[in-house]
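Quick heads-up: structures coming right below.
Shared between the two complexes below is chain A, which pairs with chain B and chain C, respectively.
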Partner chain A sequence: MRRRSSLPVTFLVPTLAILLVLSMVPTLYAIVIALQNRELSTTGYSWVWFSNFADLFLDRRFLNAVWVSVKWEVVTVVATMVVAIGLGVLMFEVAGPRLRNFYCLLFIIPVLLPRVSAAFVWKFAYHPLYGIATYPYRLITGGLIFDPLSKPATALFAVASVDVWQWGLFFAVIVLKLLETLPPQPIEAARLDHAKRWQIHAYVTLPMLKAPLISLMFVKMIESLRSFDLIYVMTRGGPGVATETLDMYAFSQGFIESGKVSYASAMAVLMMIATVITFTMLWKRVQA
Partner chain B sequence: MSAIVCSHVDKAYGATTVIRDLNLAIEEHEFVVFLGPSGCGKSTLLRMLAGLEDISGGEVSIGGKVVNDLEPGDRGIAMVFQNYALYPHMTIFDNVAFGLKRQKVPAAEIKKRVEAVSRTLGLEPYLGRKPTELSGGQQQRVAIARAMIKTPKVFLFDEPLSNLDAKLRNHMRVEIARLHQSLKTTTVYVTHDQLEAMTLADRIVLLKDGVIEQIGSPAEIYRRPGNLFVAGFIGTPNMNFIEVTVGKGKDGWTLTGAGTVLSLQGGDFNLRHGDRVMLGIRPPDLKTAQAGAANLLQGTADLIEFHGNDALVTFGSGGKEISALVPARECPELRAPVRYSFDEESIHLFDATSGASLRKQ
Partner chain C sequence: MKSNRLAASLGAAFVLTASVSTAALAQAPVCSAPVKVLAQPRDGLTLLEDSKDEFKKLSGASFQIDYLNENDRRAKSRADASTVGNYNVYYVDEANVALFASSGWIAPLTDYYPAEYDFADFDPGRQKVATYDGKVWFAPLTGGGDLMVYRKDVLEAAGIQPPKTLDELIADVPKLTNADKGVYGIALRGARGSGANVWRWMPFFKAYGGKWFDGDKPAFNSDAAVKATETYLKLFKDSAPGTQTGSWDESTGAFLSGQVAILVESTPLSGMAVDPKTSQVVGEVGFLPPPSPLPGGGYGHGLAIGTKANADDAAKKCAGLFIAWATSKENEKRRLDAHQFGELNRTSVLSSKEFADIYGADLGKALADTGKVTAVNFWQDPRWPDLGDRWGIILEELVTGTRTDIKGGLNELEAYANELVKKK
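Moving on, here comes the complex of A and B:
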């Protein structure tokens, strides 16, 4: 018995040890820094314990960043799922097998683009004078300028649209493939049961895919947290602080504006704690 | 008026023709079984009636109305699928009520009707459960309840019992028969199991390669098979076939082949001297020969399959394997010589090339 139980341990211990070092050391170091008052401009520091955290809650820009992050998360996740399900169902309903393959290939391309490239492509597409995305507006209004990335009301949605363009289309392919794995008989039974096309999906196929769709949503929620590269390239958090998410603000506090690494670390630690708590709660709810 | 009429119905997938110029009329209240080997087009035909497959050519009408272009829901039919096809995420109640809800039937009436149907089928204790919490037989009963509640003009069953184990299959078969007796709804039932077909059907439609081979009551099909295929397909154990040559005898006909010469009056058959014909005899029609019996088939018992009440004895006669189903007490020893004879009334003769029955109409 002992010999048998030692084999898994032999294999697991080194791997887990490496993982532990890789994940825990930076985390612990971030927590330690968050309790100090380090700045990039000076070498000295002292322990300030929780004063960084206390300051954060009085920082209106931080509270704005929290709000922007929440908005970003909700907008991108909801829009991605709506686009994915909508397009997936549409392809399932109207496209034949060959056309489906073509669309699938087409829809996977955006997500294969590096985020920074996608961001640059769309930054140019949104250009008020030359962009293809703003071209219809210029055409209709006879040359009026529309700059979605520099308007506080539209900037977040313009950036979010790139995220949805990448992930919504990719997820549409996954939703289509999920629909194709379903047994055809319940769909046929629903047709015999007087269900209209949309009702078949609303009441039969999508509920049957509830578990994988929720998993997809979780993946997207985690992916949406990593919005930094997209926002950094397209707006740098602007105009003003309209698209300044938490990671964007932490980065600019830590490295661009003031070099307050301890303050930025405090933000990162708070984000980590909030994320862990939120996801644990959501996961528990879904499991129940 | 016929409940279902198919006239010149074709079905093709690209270049492959699955059903060819099929004509069929099914009467009101009738229980019709589509029977045939796998790939004969019986399920396709049923799905065309249901509207789940397009009709490539010809016309299908249900209740006097051409339904070629009608949605499945609008054809006045209900279907029970082989693998039940229940909605896995819904409770049994919601599964049964789904069709009524889509038709916007008031909730109170839905409740009343679901309860009535589940009482008939003994599903009352399970209404709150999910399909996976039920056994196969119960799930199939839910599928039947879901079909029944719509009070359709026609019930369609697509091999409804093939996913059940043997004992449950017998039980459900009896239940379906009872249900049809009480509801009298026109029913089309697809199966490859001839026992189901024989026991349930008012009429059997025997299909092969998308063509109807014979239509008739179970007794007709069993006693007067129209061709070699039908004769070989219907009846367990399978009919024996012996290729023989017809000869004109003094007062009748002789059949020579398989190392024996058989003589018969031949009044029931269209025979010509010198014809090659297939002689068909069902194993239960072979009787242990008494002394002095005519029409003998003899050989050595090669294989004995004991069935309980009777035994299937397989013996070689003139290089041809022949089986006889005899009462178990007459069962010979293995390798013992056996002699069997038959009555002229029990034989079937078919044209050796076309396979058509030579029986006079």
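Moving on, here comes the complex of A and C:
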């Protein structure tokens, strides 16, 4: 008869207890606050139950924030994965071992920068008169002004490019390292069959890396949900509400404009529910 | 005899003990822990940090200032004051003093401001801004109204006299824009916020006869607001690049680097414009009051005593001493010596010979003239930041073209104002 060991319980119980306290207490508190009408400027409050949630769906800024968040998520995740796979494959095909190491070092630097620093650097780079990123436009057009952060059509993409600059390059290094770990035989077999380079990657290497690439995508999806600092520094949600994501709007309602912490909490709770449902569905679909 | 001696000895001991205690009390430090201050960057506060030892000697403790830019400072101080109360001293301004005072987040300043520091010496306009509900809540670090600052050389080259009226300003600004040479007629503030784009829009609103409320009824959704917004958007066509989503830093930065012909901005700009350390247009700058009928936007920023972090009277006295020392005549004199024009608030300093020697008679006259047209343009109510920030978002949308319906924006703001009134 096998003796049951108490070791897993010894290790798991304290860890899970700490995790439970750290995650559940603020979550439950946020849910409770969302059902009240608390404001920073007053000490009194009452229970309004689902009134904050109902108000949210009549709030044009909330609906806009949902749409901006979806756009932000799609743009940053897709662009990061495209850049990562493109650059990773390019380095794998073109660069020798020493050059690869040099590129890897270079491509890791952006992600090591704190988000706020990266945001400030790029905010100056996008300055319409002095920015290095807008300089080519001024040069080509003979001095015409382009201010990407103040144009509703370009602001989101300008901020997203900084996110992709940080994470796309870092993921390219990971993709390269993943490609280097693949067994050479399937690639050699494809070459013997006269497969072109792009066909080798499209039909052999990348399908072999499906699982780690999906994991990378999930990591990026979670990371993209936490881009508050980047957006806050670069545009503060503007121009107007063009880059106002859900977390930006919740912070704005809770602490900048009105001090409506209950209303902000209702947004946070909705975000949490939407995120859990979306990620669970995606995860199950990928597993299937 | 023996008992007499004993009584005398006891009496002497008592007197000695009492006098030692009194001496100890007299020398007891006012502060028992470092004073924590939440502020926004100001040259005057940076200079103050050089004199930390002086405050330590005076109070028995040092101080620590945490800086955040204006919007972040407002958000953080509101969150901190209403919850944990980490800071002994808050940097407050005309826009949020009513909210902080009515919420009980700050204490009446003059109750804890030592008399010898002479609060009455502050400029009367700034004292007025620091007063809410009959009580003084902060000691000013900066304040004033608006001035029209213009480039003499650019206007002369275009054959244009400095505009005296709003109509002249509207007509002149497009003529002064020469984008090929990197010069723009004006610089405005586009970034959201009751203290940002709304602050610069309000003089237009007031100039066209607008008012915020009639009793408890919102009155701002009017022809005056539409006309003010149309004018603001029209002028924005000639505003320097980067100002569409920028605020004070961007518009004054554009002027000081030589890109702007005319700027109507808060008075500290004038000191920066004549300082070679900050301005590339020294010697080319003229000053006048804002074109009529634009009123200047009266404002004031300063230091207030937090109530949560200073739970007892002793802590409040310590915070009060810090504020008094930080805004004292001696420290203001240091700021004058360092040519920190925007940091001067005391009548004794502003009317001193040293001030006139440094900044000249022209600026002094312009300041005196603009004082006559300086007004409080915002709604003096705790709910002002809420309403002002809401309009700031809508105005930013209009400036950047995210929305185009001015009337629709005002209707939306009116609905929001009605909600605020109902909640009172």
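Just so we're on the same page, the second predicted complex is superposed on the first by the 283 of 288 C-alpha atoms of A that agree within 3 Å, B and C clash if a C-alpha of one lies under 4 Å from a C-alpha of the other, contacts with A are read in each partner's own complex, and residues count from 1 in each chain.
The definition used in the following text is that contacts are C-beta pairs under 8 Å (C-beta built on N, C-alpha and C of every residue); 3 or more make two chains touch, one makes a residue touch a chain.
All figures in this text were calculated on a predicted structure; none of them were measured in a lab.
Enquirer: Superpose on chain A as described above, then tell me if chain B and chain C fit or clash.
Expert: Chain B and chain C fit side by side in the superposed model.
Enquirer: So in the superposed three-chain picture, is A:Thr76 touching just chain B, just chain C, both, or none of them (first/second/both/neither)?
Expert: Neither chain B nor chain C is touched by A:Thr76.
Enquirer: Between chain B and chain C, whom does A:Met208 touch in the aligned arrangement: first, second, both, or neither?
Expert: First partner only, chain B.
Enquirer: Kindly classify A:Glu257 by the partners it touches after superposition: chain B alone (first), chain C alone (second), both, or neither?
Expert: second
Enquirer: Please name the chain, chain B or chain C, that touches the greater number of residues in chain A.
Expert: After superposition, C is the partner touching more of chain A.
Enquirer: According to the stated criteria, A:Pro183 is in contact with first (chain B), second (chain C), both, or neither; which is it?
Expert: In the superposition, A:Pro183 touches chain B alone.
Enquirer: Now for A:Ser265: first (chain B), second (chain C), both, or neither, which partner does it touch?
Expert: A:Ser265: touches no partner chain.
Enquirer: For the superposed arrangement, I'd like the angle with vertex at the C-alpha centre of chain A and ends at chain B and chain C, nearest 10 degrees.
Expert: 150
Enquirer: Who does A:Gln166 touch here: chain B (first), chain C (second), both, or neither?
Expert: neither
Enquirer: So in the superposed three-chain picture, is A:Asp193 touching just chain B, just chain C, both, or none of them (first/second/both/neither)?
Expert: A:Asp193 contacts chain B only, not chain C.
Enquirer: Which of the two partners, first being chain B and second being chain C, lies in contact with A:Arg236: first, second, both, or neither?
Expert: Touch partner of A:Arg236: chain C, not chain B.
Enquirer: Now for A:Pro128: first (chain B), second (chain C), both, or neither, which partner does it touch?
Expert: So A:Pro128 only meets chain C here.
Enquirer: Aligned on chain A, what is the least Cα gap between chain B and chain C? Give it in whole Å.
Expert: 48
Enquirer: Flag every residue of chain A that touches chain C in the complex, lowest number first.
Expert: 40-42, 61, 127-129, 143, 145, 147, 149-152, 235-236, 238-242, 255-259
Enquirer: Touching residues of chain C toward chain A in the complex: what are they?
Expert: Going by the criterion above, the answer is residues 71, 74-76, 78-79, 82-83, 99, 102-103, 179-180, 182, 190-192, 241-242, 244-245, 259, 382, 385-386, 389-390, 393, 396-403.
Enquirer: Note which residues of chain A are touching chain B in the complex, please.
Expert: Its residues touching chain B are 183, 185-186, 188-196, 199, 203-204, 207-208, 210.
Enquirer: In the complex, go through chain B and note every residue touching chain A.
Expert: Answer in residue numbers: 50-52, 71-74, 77-79, 81, 83-90, 98-99, 102-103, 146, 150.
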